[in-house]
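These notes concern the structure reproduced below.
Note that the chains are named A, B, C and D in the order they appear, and that numbering of residues resets to 1 at the start of each chain.
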Amino acid sequence: MLKIQSFLPLALKYKAVFLDSYGVIKNYKGLIEGAQQTITFLRKNNVAVRILTNDASRSQEQQVESFHRLGFTNIEAHEVITSGMMAKQFLQHKILSGKIAYLGTENSAHYILQSGLEHISVNDINLNEIEDITAFVFLDDEGFDWNVDINKTVNLLRRKNIPVIVANSDKLYPVSKNNVAVATGGLAKLVESMLNKKFIHFGKPDSQMFMYAFDELNKFGTFSKNEILMVGDNLNTDILGGNKFGVNTTLVLSGNTSAEEAEYQIHASGIIPDFVCQSILQ
Amino acid sequence: MLKIQSFLPLALKYKAVFLDSYGVIKNYKGLIEGAQQTITFLRKNNVAVRILTNDASRSQEQQVESFHRLGFTNIEAHEVITSGMMAKQFLQHKILSGKIAYLGTENSAHYILQSGLEHISVNDINLNEIEDITAFVFLDDEGFDWNVDINKTVNLLRRKNIPVIVANSDKLYPVSKNNVAVATGGLAKLVESMLNKKFIHFGKPDSQMFMYAFDELNKFGTFSKNEILMVGDNLNTDILGGNKFGVNTTLVLSGNTSAEEAEYQIHASGIIPDFVCQSILQ
Amino acid sequence: MLKIQSFLPLALKYKAVFLDSYGVIKNYKGLIEGAQQTITFLRKNNVAVRILTNDASRSQEQQVESFHRLGFTNIEAHEVITSGMMAKQFLQHKILSGKIAYLGTENSAHYILQSGLEHISVNDINLNEIEDITAFVFLDDEGFDWNVDINKTVNLLRRKNIPVIVANSDKLYPVSKNNVAVATGGLAKLVESMLNKKFIHFGKPDSQMFMYAFDELNKFGTFSKNEILMVGDNLNTDILGGNKFGVNTTLVLSGNTSAEEAEYQIHASGIIPDFVCQSILQ
Amino acid sequence: MLKIQSFLPLALKYKAVFLDSYGVIKNYKGLIEGAQQTITFLRKNNVAVRILTNDASRSQEQQVESFHRLGFTNIEAHEVITSGMMAKQFLQHKILSGKIAYLGTENSAHYILQSGLEHISVNDINLNEIEDITAFVFLDDEGFDWNVDINKTVNLLRRKNIPVIVANSDKLYPVSKNNVAVATGGLAKLVESMLNKKFIHFGKPDSQMFMYAFDELNKFGTFSKNEILMVGDNLNTDILGGNKFGVNTTLVLSGNTSAEEAEYQIHASGIIPDFVCQSILQ
């Protein structure tokens, strides 16, 4: 049987807490009631808070605005770390010329691809004029016609061997209590399977996002891994990633997973959180 | 170096020849010129011909009509074996009540699902009224809105644990000299990946289609496996399947594969055809 | 909740029953008490019985001897179908010259490779003299030194591109109530992973063994798929294979799976038996 | 066609060079002649050098000793970063009590597991007394009997759900010009496949080792990612990992890959090095 413990006393033993977004501080209905109070409480007690989210659709500033619109007012831009930021960094370091093709919305493209290079949506590409395309990014599951543009992506990448990055590796995301939708990482997997290639995926559970958060955190003080707690509702991203990075991990049941399902999944996957809490509320 | 030999003298050593359709007797431009003459020649020399194709969009009769429209007039319904026929047989034997949901065109649904049961397209399904749905079939990559209906399929199959079959396991198919499109087997793989399940796939390289063709052939005479030659342009379906079934196999280069690529692919995959021919034309 | 029903009344509705061996008629302690009576009862009631087992270590005759030694006296050679028989057939049809290399015991090699060709155990191979080796067979997990001969197999197959077959695709097998052992299919998977190749695997759930059993059965009468019941304790081999082949399937809980685990596995895998019974005993 | 350029002029454009070990500075015969001169030359020109190797069999100090024995005298302990160091760090942060079980040599266990906790080799484990085992480590492909201890590992991990880490994720390693051997990452994959679980793997291409090297490097000066060049002979580890981390990458052909094979592999994998050099010698 899973031992479920209170979150607040646990969190107070750490100097910093990394929180997943969906399933921890918000869900399909909006902000989880009480999440804001927990964050205020942690701050008052000198526990730093960072939000680590697999999302490439918005910049840090847009993330904060989005939280504000939900009524979550006390979060700052530097406290949000997204998988999209990893992708952005990659593009800035590695793609120095040419045009970057993408699947996603113009909005998400705008912030990720702001490196001085041009970007072009797949549906604007003429497959006979692709000489200047130097990289491809899976950004979002919205903003294009799946019937047409997925095939166009496959054919583009058959013709041109360029770096392909996936700015959010999640395969699916929840859209309501019972329903999910295929996320950009799922579409990327489909195209990988068509091409027999492996793209470069960003986001939890990969260590890179944890390291980035860790390095950024250490600009505000001195934190060792032993002093950080990762909190998430997903074993395969939050807990696996936190475990591997070497911080303590807490599974919360405020997402769509019951205690019974959680127990089964832990057994079946071998991904073992250090702690289990009902939510971050108490 | 690949040893390439003439097809006609080779084929005359056998009592029956199994031909893949795309890349062997037709291509993106239509019928391959000379294919019809080869089939006539084989028949005159008492070599039986069967066409084995991963296709679930048309019945045997519709396949023959389609060949006729291309100008290929001497093929009969019983000489065509499709993966859709395997799917149809499965549904008749195993799904005896309820409604069968499908992704595909009404036309393909009509012939495969003609077992007395009702069928319903995914886009007509109300996810709150799914009690009477007893099976799901991936039929075709056309006939639905990918943006909407793939997600609907995922959610249907999360809610209801029913047999799911894939009537054509091909991941992609050629649409022109340089372009391919995601086939129904590719979409099925995407949904499998979302659900962490494995569906029941029909079509080459699976032995079932070869056995069906073999059994049907033996209604017209006595044929042993040693007397049959499988001919195809695809190592992973035609050659792998033929090898495993125990018949001799010939790779032809009349699809989109050059001799050099073929040599590499044989080496990399370990799938070794008994023979290689340029085409079935001479 | 799983609905569990009695086996004997169910079986009497069919003209033939296909039984898995391990977990159905025997287990790690020997013959399951009462299994022999069930088979006698079925025969008296004109239900034909066939045993379908993923095993390549013994010929049909040796299987029968082995059953006799366990006290199971009323089974005949033609009633046993093994994955090794599929492998043997493949070699006879497809490998017509040269020497066949194998991993396994001399005993298993002897019966499978009795096609007039020489065979050679991996540990007797000199990697500098491999010109005459024309095929490779994974036969057994015994009869060789894993530390040495697995690496030797990898290097042999890196040097020589030949057909590789796996005569028993099971990944593991039970050796006691709580313990399992890596089976030959598991070792084959390791080598496949080293080489990035896919070998030819024989055994359930592949249709070929079911088709063979079906064809053999029909030499003794006229049986349609609707008149056959497949019985096994393993969803991934017995039930998946039986479902795909188009016969009715019964999961029995006399192997190492509890009703609760079975229910979970059915849900997680999407492999759905038509019936569930405690065992074949009543 | 691959454009092959000279290494030394290229390397001088960077402030630091990360070198893979096998295939870059040594091979199956020992040290690659001239490698030591290159490193001396780089140092003289104020280019920092770090060696990043997937190896868990030796500590940094033992690595240096081993290099010395090969005649490579000017390398210091802090310049060597191994995947084993990542594993060691993980165990120190995450496993705070109990006993750590391992597959490998006593020597490799000794340095990795020196965290105050007891360690126990799989062959010393009694499967009925495993209450105090709290983690499992795949360390090495040597030091145990594969026939016995791989099965024992599978059964231990079936009984006990504990963190499992793989201290070197390489699947195989070269032992001579033509031969390879299964590495500890390959054995781990076999066990993962038996259990349907994913373990925690350390080593290139994972970002963690690059980040560790980067952080350590920055203790000796200020280095940005743009000022670092990763050099390796393996696309899947060195180049993929370097690309993802965001540094420039150079493929060298001094391992077992010819220019022609390299060109094919780059095309097939989609892993694209920024540069290709014959070796690090000139």
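The rule we apply is simple: contacts are C-beta pairs under 8 Å (C-beta built on N, C-alpha and C of every residue); 3 or more make two chains touch, one makes a residue touch a chain.
These figures come from a predicted structure and were not determined experimentally.
Colleague: Which number of steps is the smallest that gets you from chain B over to chain D via touching chains?
Modeller: Shortest path length, in steps: 2.
Colleague: Could you tell me which chains make contact with chain A and chain B both?
Modeller: Chains in contact with chain A as well as chain B: not a single one.
Colleague: Relative to chain D, which chain has the most distant C-alpha mean position?
Modeller: B
Colleague: Nearest whole angstrom, what separates the Cα centre of chain A from the Cα centre of chain C?
Modeller: Distance between chain centres, rounded to whole Å: 44 Å.
Colleague: Can you check how far apart chain A and chain D are, centre to centre, with Cα atoms defining each centre and the answer in Å?
Modeller: For chain A versus chain D, the centre distance works out to 28 Å.
Colleague: Could you state the distance in Å from the CA-based centre of chain C to that of chain D?
Modeller: So the centre of chain C lies 39 Å away from the centre of chain D.
Colleague: Which parts of chain C, given as residue numbers and ranges, touch two or more other chains?
Modeller: In chain C, the residues touching two or more other chains are 268.
Colleague: Of all residues in chain A, which touch chain D in the complex?
Modeller: Touching chain D from chain A are residues 89-90, 93-94, 157, 161-164, 195-200, 206-208, 211, 225-226, 240, 243-248, 266-272, 274.
Colleague: So in the complex, the part of chain A that touches chain B is made up of which residues?
Modeller: For chain A paired with chain B, touching residues are 127, 145-147, 150-151, 154-155, 158-159, 171-172, 178-182, 186-187, 189-190, 193-194.
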